[in-house]
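The structure appears right after this line, and notes come after that.
Letters A, B, C and D mark the chains as written, and numbering starts fresh at 1 in each.
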């Protein structure tokens, strides 16, 4: 289970990076990055997973006393929550930039935005 | 003391509060922003003060009221407080600088700025790795926002590239964080340290983590995105990006590296050095000022990373060294970016406009000196300590690479300074926004203050409390006074300094002291000739003399080296003042700094540790290291004396300098190198490397310098160049004498020290005076000036008689001692060379009289008057001195002779009355004077008798009889005077040395040109670079697991 | 424990990778964005399987929901101004 | 082509590195010390049922503050980026999902419900899955619906900005109160922990999470609106 999730996550990262490195369209690059960050999130959560345990919520099913032996690691989940929100922020920013670039240059092709170099 | 968390609270609170203000009420918004930044700065600085003085202890700040690692904690120690101060102050000043842009874009951009500074502070404060990630993302995003402040539309592209790359970095970082967490069971950085990363996969996780953090430092070659930002962003923001972001990112990398254990440090060292060298080389080809600053930023951060890689051996000095470099870089880079913001065009030559505002030039020079680590700035102390630690631990290779990089960096930075000072400046003085200029001055002052603090912290003397340096710097404050008043003060300062210090001089110091101080003062008499304010002359001149003054009294290697750098930098600025001296001044500086680095390395090797080393203790250096110390120090000193091979800077630098500067740099400054050689040979004596007696090598170098220097001089058409080349030869003699390592040799070297000062100053002044009147230095444009400039003629005549070593003047004394000396040495071949060069000197010296003063007067020179009074006055003093010294050489040499006698057992000279006796014969100056005088008088009378019918003939001017010739020199009788010799000996003059150094420079430039093609400008390619960087290091490190 | 979550995870993994490949290789940007949204959606189901309901909710709401809309808005602007055909 | 090839090679090597991470991964048998601490002490120290919430709001509150700031920052920058480049007049609307009668009516019906649901989600964040971010996203989706239904409709920028700022300021102020009244910045024990499992419990967590919800909702809305908006205010 963990291996499947983690592998999937890493594969998503690689696919995302591949897309980001080979698509010259800016929007497609951004799409690829969202896939890669989804992959990262999957990896993060899978690291915290422990087989046979439940979500880290102390309700009637999981009394406080037995929490240590019955819940999974809550920390990666907390981290992923943060990572997702930050990912959205960065995506939004990149999109805004993409639009602005398009307005200036009338193109979405990143290989044409090379006036700064050397 | 206010808790440091309020830096974050205030930053965030103000940013949120800005949203409540009306969008139109921008003044209020700006005031709020500034107030918040001021509070943040104040908190940081008060912590810094308290921690530095011991009033406070490093403090952990818990959040959520729970102990770490279960809740995030922050920490303020000395390092954190220092960096926070840098970050918040940069933010504060940049905000002031960005005022217009911020006002125009409104409160949102102000909020972004506040959050950026807050985030950078958070990066420094936090001890939690994921929290670090959050602050990093805040930094990234706010960078994305602040890039928009630029008017340059290309910044949008740069910002996007940055975002692309940081996405890749974030992915690596998060993967690294989570697996590190899995291995450690904690996200707290301090817990990493407690538990070595043993678990499987932990190494790789840590590697990814580290790579992500290192990538934020813009390592070469994965840094194209950063350069694009530097080039296009608003300079006010670039200052933050370089000074504050760079600082924070370095600290983040350091924090994590510190926990990873020593096995990760070599990786950091490698990346750091590679980046430092590569970026500096790349910067060589930059014409865009901001991009150049970008390369320099990247390089400096690389340097700091390399220093971090040495933290295992730096011990408690780590903070002092890394902090010194980092703070110097932050202040200087911020300052330079701020200056670039008041300059409208982007090519380096556009900086000429600074000249219309001299204080800005001072600020510019301050920042450059800080970057390169010149005294008295923190980088200097850091460089010194670093060198000693590295050498003590056997990491000489690291040090050498650092020094090479620093030299390249100095090359492009000072080339830039040269362009700014020498290229044509616009006429109209631009109007600078007062706020911006104020910020620049504030940075410069902070730089000086940092230099003062670092000096106070160092285990050596605080350079900024050294009196000569203070006096020299004081001249910056009185630049507004008329030149003549400043001249009086300068002369007085030199005399007073001599008077204060001569009591403790030994005879050797006395001779050099007199030349440096009193000799300097005499040359200053010529400076009375200049009227107006003569901006930019006295501070560098006094800086040079301060260096010389400090050099003589230096007792420790540190003081000596500091003085050496001070005099180098002062003389560079001085030489740069010449009309066409831009390339020559640069080459002078490059050689001198290279030499200085050799000295640094030599001293570090000699010290063998980090304890201060007294110059006298050089004598105690033994073992395998001793000859290397000798070689390095000798190379360092010989760059100053322009020994052959290291000489190519001299002719241009001396010839192109101003009329009164040439004698300073030739007559006075060259002696600094000889002084060093004296000390070196006196303490270390003969050293053997691979079985070769190194003094024997020096002997050869001296002989070759004498021969080739003189040979090159005879083919010069430019009078000052001729004198310059002759200096190479003369210094060769002195070196030769020293290298003989016997009593008479040394005495002769000292004789040369005195004589060369006098006649070279004399000749440079008189030739300078003639050049001032005729408007040219080319001898074929002169002629027949004897009657128009009789005093100059007499001066030159006396000068060349002395110099060529014919009786009756003191030059002969030198020669006489010299011939005695070589009879006692046993190196035949070099001796022959030295003998040969004697007559060669005749050939060119005679031209000075023959071509300039004799022959036909040029038509356009008919109305000339003799040189100005103030230029003549010191010449006449020298003439008088030479006559006196010819009769009474004993007045100086006797005591020295005895002093040298302490070092050499063999018989010196015996001084009885006016007669000097050696084992080979005797020399009685008075007798010689009388004999020669008699012969001369007789001959003169004879000539008069023979020629009593001689009559004056009007000169018949053939030059203008017909059309003006296309090449006037070809019609002059004395042009290419020694063409036959050139045909015979020209092969000796093939500019091999020049070609050699030229090839090195070219190779560097070619490398730069080739390498920078890496930066295609394509953001995707940059992302590939980032991955390549990580993957290659992963492979190099052998597939960490 | 039981095989059902395991099989589900496997299916989800395959679906996610397939969707990701579509997102990267698709010719139309709209399709790519939708496919990426789908990846997110599958990921949030995967999070449920991994006992992370909080994450699942967030991913569904933000990763697949809001992000997709952001893309559409920007693409809409670009399309209206004559770009975004490729 | 070269780039593709190079990328594939690079990613293969990176993939190998990832593979060795997966291959070497051993799931914890027991909770590690941090997780164990939270499992044991969350209920006592924070009074929250949902441990993830307790971590987010309290133990790692600084992260969350930063995270909220990320959104604040992004919203501000997006607005700024786009304020420079408004689309030509007359070309409004998202262009993808044309508004219709049905959508408009549906929106009127749905929006209050959605808003209520969003509030429910973040108010109960300490008890059940969900919280400020999810709730905020839900709030924003209501705004999204409004935008879709009627692109002409403008929410008050001022209102959104005020909500954003005031909730942000209050959040920071609560954090400082934690510093002053309790154990440290963002300590939730400035309010009584209350009855474990009750709505009003867990100290300041529900309050903070609500503020986060409001703020996140406002920020998302502002972002969406900036991207949607096509002319000057």
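We take it that contacts are C-beta pairs under 8 Å (C-beta built on N, C-alpha and C of every residue); 3 or more make two chains touch, one makes a residue touch a chain.
Quick caveat, the model's predicted, so the values are computed rather than measured.
C-beta contact counts were set side by side for A-B and B-D; B-D has more. Taking each chain's centre as the average of its CA atoms, chain A and chain B sit 50 Å apart. Note: centroid distance chain B to chain D, computed from Cα atoms, is 54 Å. Separation between the centroids of chain A and chain D, computed from CA atoms only, is 15 Å. Averaging C-alpha coordinates per chain places the centre of chain C 19 Å away from that of chain D. Those residues of chain C in touch with two or more other chains are numbered 53-54, 58, 62, 66, 70, 74-75, 77, 81. Contacts with at least two other chains are made by residues 130, 134, 137, 141, 144-145, 175, 179, 182, 187, 1020, 1024, 1027 of chain B. Residue positions 3, 7, 10-11, 14, 18, 21, 25, 28, 32, 34-35, 38, 50, 52, 60, 63, 66-67, 70, 73-74, 77, 81, 84, 129, 133, 223, 227 of chain D each touch two or more of the other chains.
Counting only pairs that meet the touch rule, the chains in contact are A-B, A-C, A-D, B-D, C-D.
Contact residues of chain B toward chain A in the complex are 130, 134, 137, 140-141, 144-145, 153-154, 156-161, 163-164, 166-168, 170-171, 174-175, 177-179, 181-182, 187, 224, 227-228, 231-232, 1012-1013, 1015-1020, 1023-1024, 1027. Within the complex formed with chain C, the chain A residues making contact are 1, 4-5, 7-8, 11-12, 15-16, 18-19, 23, 25, 27-28, 30-32, 34-35, 38-39, 41-42, 45-46, 48-49, 51-57, 72, 77, 80-81, 84-85, 87-88, 91-92, 95-96, 98-99, 102-103, 106-109. Of all residues in chain C, only 53-54, 56-58, 61-62, 65-66, 69-70, 72-77, 79-81 touch chain D in the complex they form. Against chain D, in their complex, chain B makes its touches with residues 3, 5, 8-9, 12-13, 15-20, 61-66, 69-72, 105-106, 108-109, 111-112, 115, 118-119, 122, 126, 128, 130-131, 134-135, 137-138, 141-142, 144-145, 148, 175, 179, 182, 185-187, 200-201, 204-205, 208, 1020-1021, 1024, 1027-1028, 1030-1031, 1034-1035, 1039, 1041.
Across the complex, chain D is touched by residues 2-3, 6-7, 10, 13-14, 17-18, 21-22, 47, 49-51, 55-59, 64, 67-68, 71, 73-75, 77-79, 81-82, 84-86, 88-90, 92-93, 95-97, 99-100, 103-104 of chain A.
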